[in-house]
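Listed after this line are the structures, all set down as structure tokens.
In what follows, subunit A forms one complex with subunit B and a second complex with subunit C.
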Partner chain A sequence: MPSRQARLDRHRGWTAAFLLPSVGLLAVFVVVPIGLTIWLSLHTWSTQTPFSSAVYRGLGNFRELLADGPVGRDFRQALRNTFVYAGLSIAAILPLSLAFGLFIHRVAIRGTGVLRALLFSTYMVPTIAVAIVWSKLYSPSEGPFNQILGWVGVSRQPWLSSPDTALRSLVLLNVWQQVGYFTVLVVAGLTQIPDSVYEAAALDGARGPRLLARITLPLLRRTLLFNVVIALINAIQVFEPVAALTQGGPVGSTNVLTYHIRRVGIERSQGGLGSAMAVTLLLSLVVVVSLVFAVNRRGYEA
Partner chain B sequence: MQRVGLATVLVVACVAVAFPLVWMMLGSLKTPAESLHTPPVWWPAHPSAEAYRTVARVVSVGRSFRNSAIIAGVTTLGILVTSLMAGYVFAKYRFRGRNALFAAVVATMFLPPIVTLIPLYRMIGWLGVDGRLIGVILPNLANAFGIFLMRQFIKGVPDELIDAARLDGASELRIVFRVVAPTVMPAIAALTLFAFVYHWNSYLWPLTVLQGNTDQYPIVLSLGRLLSYTRSAQNTNQVMAGAALAVLPPLVLFVVLQRFFVRTLARTGLTG
Partner chain C sequence: MTKIRRGRALAAGFLVAGLALSGGVASATTPPAGGENVKISFLTHWGPDTVALLQSAVDAYHQDHPNVTVEIKAVPFGDLLTTVRAQAGGSAAPTIAGIYDLWLPELVRDGVVAPAPDAVSQDVGSNWGASTASAATVAGTVYGVPNEIDLYALNYNKKLFADAGITAPPATWDELLADAQKLTKRDGDTISQQGFGLINSWAAGVVHPFASLLASNGGSLITDGKPTLDSKQATETFALYENLVKGVKVTDPTMGTADANTAGPFLDNFVSGKTAMIIMANWWESALKSGMGDQAFADIATAPIPVGPSGDGPHSISYSWMTVVSAKASAAEQAAAWDFLSWLNGPTSGKSGASAMADILQSMGILPSRTSDIAAYTDRLNRPFMEGYVAQLANAKPFPIVVGGQEFTEALQKQIESIEFGQASAADAQKTAQADAESILAKAGGATAGTTAGTSGG
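And then the complex of A and B:
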């Protein structure tokens, strides 16, 4: 009987055949466009013309993004809005998903399955539908949110119509839609902690908040780290509520990068400038994710 | 006593989470007068399906659903086929550069789509498929998450099963789709759910490719148009009915396939 390796080698031709469709598609539609984005970021190029019509301008696009003009101001505001939106979203999603996850995993009463299904179902709903429904919930006069706030004596909020509250209102909508997904990941992480760990901790007299801080959270560390990174990447993609409800306003307060880059690079056809924005976003993302991992490692060693 | 407290927390949490969707359903059954009333009317006095009839016409619901079904269905089918084949190779074949290639594939999973949107838009135009459904579908037929998921599950398929099939003279193609695939059905169900829902809901890419060719619009884009159509008219009940229609297919699929997703998420190993 031939060795295992020899039997595998006979199928070598299949390696290429099986990989070609997926790796080929990813190469053409992901890797090549990344390269093109970087290349275009160094050029002046109208999106409506062939790539060959691009004119090299070195780092001119990036200089414009850093300069004092309206292009730079709008871009930096969008970059700031995006990271504020992501930061607030993570700050809300992380503790909420942990609380829901612990509740669903630890509480032995009937109906926690219903909560989990309800939570996850919001993640399955098209974001454009969520945006539309929430715009009506936020409606200052006919919306139920201000009515409910009125019952408990809180004054009316302007929600989407004021630059002070619009971005935070979009964060709230995002948290509602996404918290269930992260809850499921927390529950999955919790089920992987063996019961023996809890039994040992109980023998040592650890319970309540002490148990959470000393046992559960450290063992959930990888789950929580993963959740932060995914929540960040999801938050950067926010588009529908901005496109459908605020168009980046009022006064640029909800202008976020996915919306802004599309507006500049495709609607205004400034493909080179838009690509420079995309490259800056990618670099910022790499820096932030590296920082998250570095902070995590530091905390682990301490 | 503690049980009552926990049950109360559970009920409050369920109500809070469900509230926006319940409001949507109630809103879709109101009359225009009720939906404009201040303070808001919570319960429609005379529930009416009028808004659904109007909105089905305004968004050409049949055509929009067909476009959505084609986009989500064909894309999902493509992802299943390409992911099974690549997942099988990454799980069961040994070749030089395997781990590096797999790492590169997984890395693409974390890329925000806006980073490549501008050149992709131009490439689709260059291929001559802009404004058409095929242009929406083509770049998404392979998916890094799908490959990752299939590899994780196929790794658990016993080598003996595959070797036995080979001794029986089965081709590798037959092994992937007739021997391996049936043993990873939960993963296939979960990937079907994720891929179909993701591409049913996807907005930015179809909007960019279809560029105002409303005949080809999926339901989510028609819904986006509905908002601007009704902005002046303030027909909240119609907007809610439109949202309810768009929400229905992914929710139904979720209810049918939901028992697979938790197990699958836990098995991906991404979660600790």
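And then the complex of A and C:
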């Protein structure tokens, strides 16, 4: 009979063999590009030339992002726009998806299945098609939104045509498109809460908002955490609506980082600078997601 | 999360990184061997109607050259440069691309476009005007076949002018301000009809009209490779913008937004008679016609750019477009591409001595640039809307073509828009614009040093 050590070694070998295909693909398509981007962020490099032409400049690209020149100003504005867009999107999507999810799951009326399908259908439509349709809805002079507002006595809104409202208009589009997806996730989370918990709470006299605050929300915490993280990542990757509708304007008010990185890295061919922006975005995302998890953990401990 | 979104999870920088995997410039100007099948592609930003005309030309060429297949790809204007750069070297790279002349120096520097063979270079040198040919030339080498030339003029709505009791378009900035005030209508605090329209969210749409007004005030954006946005003439031009928005309040910037297809509210408002005057290029004639119909379009007239207090006369800004060939295409593809372009832009492919390209361009109201095309279209170029542009060709100043020109344009765009939306005073915007321009052009000059690419003339 083989020794325990030999059996463990053989087990490890099989484990490695089974893991290799997925881990290998992960390394090739995720780890290597990340490593390459970090390496390029330390160089001056034109995207149209081989990697061998890259010239080392240390932290020069990052210093330029922090400096007061046009590169730094535009980058910081794009970073700020990105996180404002993400924050507003999450602030709207989270309560709306929770409300829709509770309605669909709890209210026993006909048609909730249709409502669920309708809500999710917006997520199925390609974003570029959504953006084109919304460009017509947002038209300041002839768009349906302003016509409807006019019927109720509200003055014409500039929507995408003003730096004061353009980013919020893109957020509205994002919320409309994504809320159904997160509603489905909330419904899935609600089905995981056993009815017996609600029955016990009811016996203890819990009703309405108290039931929601003390039973539903705590037991839905993991789902909501997942929703926050995914909504954050989705929002930070926003690209198509900006490219199709605003081109980052007016006055850079909708210039988000993915769009700005494309402009710098590809249109201007400044691959090193674009990579430094990508690395900064990645680090920012890691910090924000870590904060979200930390806040969630403190909530558990409390 | 969709696959597309997930694929972007590591940000666009990773995409950028992958683009460097290709390298090596194919040298080739030899014609395709007889009978060898060659498939090439043509990337353009033209709309479906114009693409259909190009397809007809491609079909005609294919009849005489059955071994050459030309596939047309179309993307919105906002995606054109990105597509050219992102696909360069890949299997989907377009063999031929229509590009804006401002992009050429950097595409040459980065080895994206191929030099023209001798026969094409000689053709360009002989059959195009010197300034147009120079825009397709970098450090003495021709890289593209020019096709269209565009310039700016004041477009105004004659019906709105008549309603306001104005009999002639403004010739000076003072007249522009006075007329714009008469033409502006308000609904409470909101402008319902703007006397003068400004464009935003589209770099050329913002900067070219500004540069035209600056040129008509005796100034220029760049002189001898150095930005001159700190000149007295520039100060007056920045101040004019501030006056239009905050002083006489004859323009509403929210009515001037453009989208990725260079359409949107700025076009809609002019078409629907809510903008009385705007400075725009000749190429939007087809957009105006399709939006207004022939009857309403007859109310649109063209006039020279109003002259500023320091100007010596109206000067429009002009720019050109050209077709270039990918340096990464195979020798046979490059040869087929240049042969197709020579035919497409030559005097035998179109009607009555014009090129097929000229026929396509004229369908959009765009001025052809080949000398024989201009001669062939003399009668049609004299139509009411276009003759105002043609008359300004002699006084037009080419937009400065420098390495870093696109970045310079986008930085200036932002400062002009910051005045339009009240985020900066004219003085602050001018100061920032000059500092940014100095920084961008100095950096671009540094990046160019050591390469063989210089810049073409203006």
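Just so it is clear, the second predicted complex is superposed on the first by the 276 of 302 C-alpha atoms of A that agree within 3 Å, B and C clash if a C-alpha of one lies under 4 Å from a C-alpha of the other, contacts with A are read in each partner's own complex, and residues count from 1 in each chain.
Quick note on the criterion: a contact is a pair of C-beta atoms (placed from the backbone, for glycine too) under 8 Å apart; a residue touches a chain by one contact, two chains touch by 3 or more.
Just so we're clear, the structure is a prediction, and the values are computed from it rather than from any experiment.
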Dominant contact partner of subunit A by residue count, subunit C or subunit B: B
Contacts of A:158 with subunit B and subunit C, given as first, second, both or neither: second
Contacts of A:19 with subunit B and subunit C, given as first, second, both or neither: first
First (subunit B), second (subunit C), both or neither touched by A:246: second
First (subunit B), second (subunit C), both or neither touched by A:89: neither
Which superposed partner A:61 touches (first subunit B, second subunit C, both, neither): neither
Contacts of A:169 with subunit B and subunit C, given as first, second, both or neither: neither
Contacts of A:147 with subunit B and subunit C, given as first, second, both or neither: first
First, second, both or neither for A:97, with subunit B first and subunit C second: neither
Partner chain(s) touched by A:183 [first = subunit B, second = subunit C, both, neither]: neither
Shared contact residues on subunit A - subunit B and subunit C: 30, 33-34, 36-37, 40, 47, 50-51, 135, 141-142, 233, 237, 239, 243-245, 257-258, 261-262, 265-266, 271, 274-275, 278-279, 281-282
Residues of subunit B touching subunit A in the complex: 3, 6-7, 9-11, 13-14, 17-18, 20-21, 23-24, 27, 35-40, 42, 81-83, 85-86, 88-89, 93-95, 101, 105, 108, 110-123, 126, 138-142, 144, 147, 163, 166, 172-173, 176, 197, 200-201, 203-204, 207-208, 219-220, 223-224, 227, 236, 239-240, 242-244, 246-247, 250-251, 253-254, 258, 261-262, 265-266, 270-272
Footprint of subunit B on subunit A - complex, ascending: 5, 7-8, 11-12, 14-15, 18-19, 21-26, 28-34, 36-37, 40, 47, 50-51, 100, 103, 107, 109, 111-112, 114-122, 124-130, 132-137, 141-144, 147, 150, 176, 180, 184-185, 187-189, 191-192, 219-223, 226, 229, 233, 236-237, 239-240, 243-245, 257-258, 261-262, 265-266, 271, 274-275, 278-279, 281-282, 285
In the complex, subunit C residues that touch subunit A: 1, 5, 8-21, 23, 76, 78-79, 81-82, 85-86, 88-89, 106, 109-112, 190, 200-202, 253-260, 264-265, 268-269, 272, 274, 406-407, 410-411, 414, 417-418, 420-421, 423, 436, 439-440, 447
Contacting residues of subunit A [partner subunit C, same complex]: 30, 33-34, 36-37, 40-41, 44-51, 69-70, 74, 135, 139-142, 155-156, 158, 160-163, 230, 233-234, 237, 239, 243-252, 257-258, 261-263, 265-269, 271, 274-275, 277-279, 281-282
